[in-house]
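Here the structure is laid out as structure tokens; the discussion comes afterwards.
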Amino acid sequence: MNSFGHRFRFSTFGESHGKALGCIVDGVPAGIKVDEEFIQNEMNRRKPGKNQYATSRKEGDKVEILSGVFEGLTTGTSISMIIFNENQKSKDYSNIKDLFRPGHADFTYYNKYGIRDYRGGGRSSARETAARVAAGAIAKLMLNELKIDIKSGICEIDGIKASKHDFDYSKTSEIFSLDKDKEQFQKDAILKAKKEHNSVGGVALLNVKNCPIGLGEPLYFKLDSQIANAMMSINAVKAIEIGDGIDAVKEKGLYNNDEIGSDGFKTNHSGGILGGISNGDDLNIKIYFKATPSIFLKQSTVDVNNNEVECELKGRHDPCVAIRGSVVAESMMALVLADMVLLNMSSKIENVKKVYN
Amino acid sequence: MNSFGHRFRFSTFGESHGKALGCIVDGVPAGIKVDEEFIQNEMNRRKPGKNQYATSRKEGDKVEILSGVFEGLTTGTSISMIIFNENQKSKDYSNIKDLFRPGHADFTYYNKYGIRDYRGGGRSSARETAARVAAGAIAKLMLNELKIDIKSGICEIDGIKASKHDFDYSKTSEIFSLDKDKEQFQKDAILKAKKEHNSVGGVALLNVKNCPIGLGEPLYFKLDSQIANAMMSINAVKAIEIGDGIDAVKEKGLYNNDEIGSDGFKTNHSGGILGGISNGDDLNIKIYFKATPSIFLKQSTVDVNNNEVECELKGRHDPCVAIRGSVVAESMMALVLADMVLLNMSSKIENVKKVYN
Amino acid sequence: MNSFGHRFRFSTFGESHGKALGCIVDGVPAGIKVDEEFIQNEMNRRKPGKNQYATSRKEGDKVEILSGVFEGLTTGTSISMIIFNENQKSKDYSNIKDLFRPGHADFTYYNKYGIRDYRGGGRSSARETAARVAAGAIAKLMLNELKIDIKSGICEIDGIKASKHDFDYSKTSEIFSLDKDKEQFQKDAILKAKKEHNSVGGVALLNVKNCPIGLGEPLYFKLDSQIANAMMSINAVKAIEIGDGIDAVKEKGLYNNDEIGSDGFKTNHSGGILGGISNGDDLNIKIYFKATPSIFLKQSTVDVNNNEVECELKGRHDPCVAIRGSVVAESMMALVLADMVLLNMSSKIENVKKVYN
Amino acid sequence: MNSFGHRFRFSTFGESHGKALGCIVDGVPAGIKVDEEFIQNEMNRRKPGKNQYATSRKEGDKVEILSGVFEGLTTGTSISMIIFNENQKSKDYSNIKDLFRPGHADFTYYNKYGIRDYRGGGRSSARETAARVAAGAIAKLMLNELKIDIKSGICEIDGIKASKHDFDYSKTSEIFSLDKDKEQFQKDAILKAKKEHNSVGGVALLNVKNCPIGLGEPLYFKLDSQIANAMMSINAVKAIEIGDGIDAVKEKGLYNNDEIGSDGFKTNHSGGILGGISNGDDLNIKIYFKATPSIFLKQSTVDVNNNEVECELKGRHDPCVAIRGSVVAESMMALVLADMVLLNMSSKIENVKKVYN
């Protein structure tokens, strides 16, 4: 259950304070040029310690490819990548060894497994998402061959919403803000919460251009259901919208239905998906991240013996997980699309014949 | 891809205007008493033609069990159920045979497969969800053995929100409304839209009581990610929230974190899930259905040769799919939980030993 | 676990003495012409009651397609097929209701599930294989589009081995014998065992011509490992050989290695598979069926309370299951190859581009 | 497709001459004591370079656990293990860079993927099986908790068969011979072939004691079909027998049927499996390995441009792969059984209740 995907599939391993984390990516077609610098750049976008809006844990997050690539090309065999942990401070966690941090997975992991690596949340830590970004970079290399283009940005922090969605701007923003006019307010909100030892939530927006028509396998591997699955598997995500999402629910049928002309769809309320299958229009997805549960305020909790205790965290944490989370969401989108691209290949017998004749 | 679930798994077949639809349910533990009346009652809750708030298509939706049950008990082998279609009116669709209804899967199915059964949407029709309810009834029979209790209701229609959530009341409401004080307004909104040949959206709320701690398999088969997956696979669903959902994103960490006392969690902002694993508290999930795309107003579209044409639907359709959709959502929740219950059995070696010693 | 295959996947249901049995076939590319007569002919090759070398149970084994086909073409959606049981004689089994037939699955099903449908073996009956042949016929329709040709025959019965392998002759033989000079001896052996209320074993040979190079997914979905999986899932199969099989083990490396010339392989000891991937040469597979466990001689056994009792079967059984089993093996081969054909489509990025550009 | 298993699942990566190989083992119940010395001992049984009957490539095959274990116990999260390659001699392969070795996967990998790592066979090398043994060791640690005991040995080399099967003796034999009276003849055969630059085949026997009744999931995840799948996925395996196997086919039904007394089965022709489910008796399985294809004699082949050329191998190879292969077979058996143990947990509702109440 540490694997995701069907034909383009990855499996991850590793804990926050273990030796290393990494992944195996399986089902990658042979012959794709592997640009290691690109992969590392993807890692760098997510990596911690870059500025005051993220945790101060410093990790190089240097990825090493161990297999599946030969002379710069994918070989069709399983690609393994490893990232060594460098900057753990496990003693920060000694005082919470036996208690359950509110809002964290401590309680549930302990009850489910009867044991947990308490250091930094162990396997439940968002540190695991580094492996997703590495796997996602491979997915992107494949999608690039088909010119499918995925972008992400932050459209809301602490209730402060972007008025415009400028994906070029977000690339350069320290907080990946989509709206340079709102960016400073959003930054201020983060720093204010941080100063108060609290944290804030945020919303990421994903946009996919040049998505082929036909991605998504009905009925239980629909494009939107797999996107929902992927996004909700990211730490701290509590809601997801496709296209107009919740707003669509308030509208009448006539409004929501995207009329079609000979040049394509006239509107895009659907978010580019109809009946679980991509319709060729842009995919638009919103992902909602709750505020980081790791805060530096006193909270009531219990210990492993169910004694009531006070919890006071140490350690280094992101005041707003949505920011780095948006990079992870982008990676997960790439991974979903790569899988869907391969799955859709056999939808018609004429495509099967194209490959074999 | 017409299958869902890992250990408790179902597969469906059937089109809106085909001979029959049905399912195979696999992985059901042996020895569960099969109450056929209960299964039929579940079907009846979803079935069309009951009142003016639903389509007038009349289907008995009588389920017949073909295998997997012997002398009233499940045998551990695959359970097959079949529902014959009785009240198709395929000629209603003759005028849309070659064009793509806005808001429907016509366009995407045609492009993906190069062929489609245009009658009633074929496989993309919500009629398929009858098979899900049959499968869900088997899941519920299993969950009943563990006293896990799932309820659903409608908390919003056309923007009219419930002020209270009375799951007993919703059972008796024709539109499954959770708030009897809002019910009439909601009904009026539906009928008004219907009269205008339009349609409205709605929101379903799911509540699960007595959910064991520990359900959900990290990292890519989390309880919340599988619920999102399941719900987004239902026709017309455009958004999903876990617990406080979008509201959680506007709150600070301190607020969202549910503190723990020796009697359990003091609040339930999380919706009963932490780190993708159930925490023993109630599960609370909201599912957003867009307005039915099938409306009886003129819309612009193209035909299969990309000529611009006007689309005017005939046929019989729900003015608000959220209502019957809420029953499907409840069934999907049962199916997810049944799967998670079985998957979680091997989380600890001590549980493995319990079964084998 | 009543499903087989990854991309081209089928699921079966039904018991020997239940109402019906059938299957759902999933992942079938759209646009394949569905020749219902061909499907029925496949069923007829396996069906019981045709001659004295098979059980006298008379079943029409008429297949009805319930979904997934529209105007004679596959639509890409799940194809469901159903076969109603017509000629059960459940009372034949009343005397063995509480005891375990030696050589049968009675003992293991009862212990595993705590309940079993004792009538005709229930789910463990070879009657289930009718559903495999129906699914296999769909697979063959797809393979026909690529000119992949699968043949089968019987090469040994009761130790009497074929000296030649004439797949044209076997089609016309009542016992699918590959050697018309040995056929009468094989028939005599069957009838002699039948007269003595005993049964005999047999060996089926499979040959595949025009198999594309490249089928088989290393390392754990190799072509040979999936063939072994598929064949061993057939009732009464106890051994399987790929190519020279056991004989290969007695030879030196130099002999076994098939040398290659510019026209292809010079010999075919490998059975057409190297490193788990088809090499373009003929696939040759042998499958060993033990003698039917259902015999009409007294045998010692126990009942469900572990009392020692004598078992005396009634009912109607094949004196040699290998014969009809060879048709099932051919169907399973088709199902494996159909799956492998689809899986292999994405082995190279250039093939991905062929489909999308 | 580099993964095996359903609930207890492993994925492997790595090439013969790459940096490292390894695996992720998923679905391991929490709370199992991890004896690292035991794991290394398992590796040592398979590792090359130990004596003249194996390749002279020297690999320490030191396993490092990277995740999933905390304070000596499994945590229920994914266990990753890595083995660095130390003793590659890639230049041995420079002369075969562009040609296809007869009997090897070179031809098929090249044709399937359009690219291959030619050094030592790359991913198709038996070196990959080191990762299986590491994963298998984890499986054994779990099976030990249930007292399930797996043994293996060599029962035939170059046609020289063991007359007795002494699994205690085989542990101490350099060639894992089951019969000390035949061992020297078998050794001589190996060395003779080696001297002649040729190779020999061999047969491994597996025996499992104390296997619980009920393992195996009908119909397409039967115990025997999964064993066949697992074994046939091992390099050079060309045939597999369950119980009496091919001999069973020559016998009548009365002989093959294992009669049952109140103390259990009176004979074990079935190999401990009935209807695809373990019956509580010993599992007995035979696996047939062809002679190593890597021989040092001239052979005809073609190069990547289909020019006819002579192939003359250099490098270091096992003269008989069955020997080290038997350890891999034992590991694969452990991995199959571990999976089956977990899958079978939910066969009865009473077992589900045992875990949840």
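Going by the order they are written in, the chains are A, B, C and D; count residues from 1 in each one.
The rule is short, and it goes like this: contacts are C-beta pairs under 8 Å (C-beta built on N, C-alpha and C of every residue); 3 or more make two chains touch, one makes a residue touch a chain.
Just so we're clear, the structure is a prediction, and the values are computed from it rather than from any experiment.
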Decide which interface, B-C or C-D, involves more C-beta pairs in contact, and give its chain pair. C-D
Please name the chain that ends up farthest from subunit B once chain centres are defined by their CA atoms averaged. D
Roughly how far is subunit A from subunit C, going centre to centre by Cα mean, in whole Å? 45
Interchain centroid distance [CA atoms averaged], subunit C/subunit D, Å: 26
Based only on mean CA positions, could you tell me how far subunit B sits from subunit C in angstrom? 38
Multi-partner residues of subunit B (each touching 2 or more other chains): 1-3, 12, 27, 30-31, 76-77, 109, 112-114, 123, 218, 343, 347-348, 350
Residues of subunit A defined as touching subunit D within the complex: 1-3, 9, 11-15, 18-22, 24, 26-27, 30-31, 64, 66-68, 70-71, 73, 75-80, 82, 109, 112-117, 122-123
Which part of subunit B faces subunit D closely enough to touch in the complex? 7, 27, 29-32, 74, 76-77, 142, 145-146, 212, 218, 341-343, 345-356
Residues of subunit C touching subunit D in the complex: 1-4, 12, 100, 102-105, 107-109, 111-114, 123-124, 128, 156, 158-159, 193, 198-203, 213-214, 216-222, 224-233, 235, 237-246, 248-262, 266, 270-271, 273-280, 288-295, 297, 299-302, 306-308, 343-344, 347-348, 350
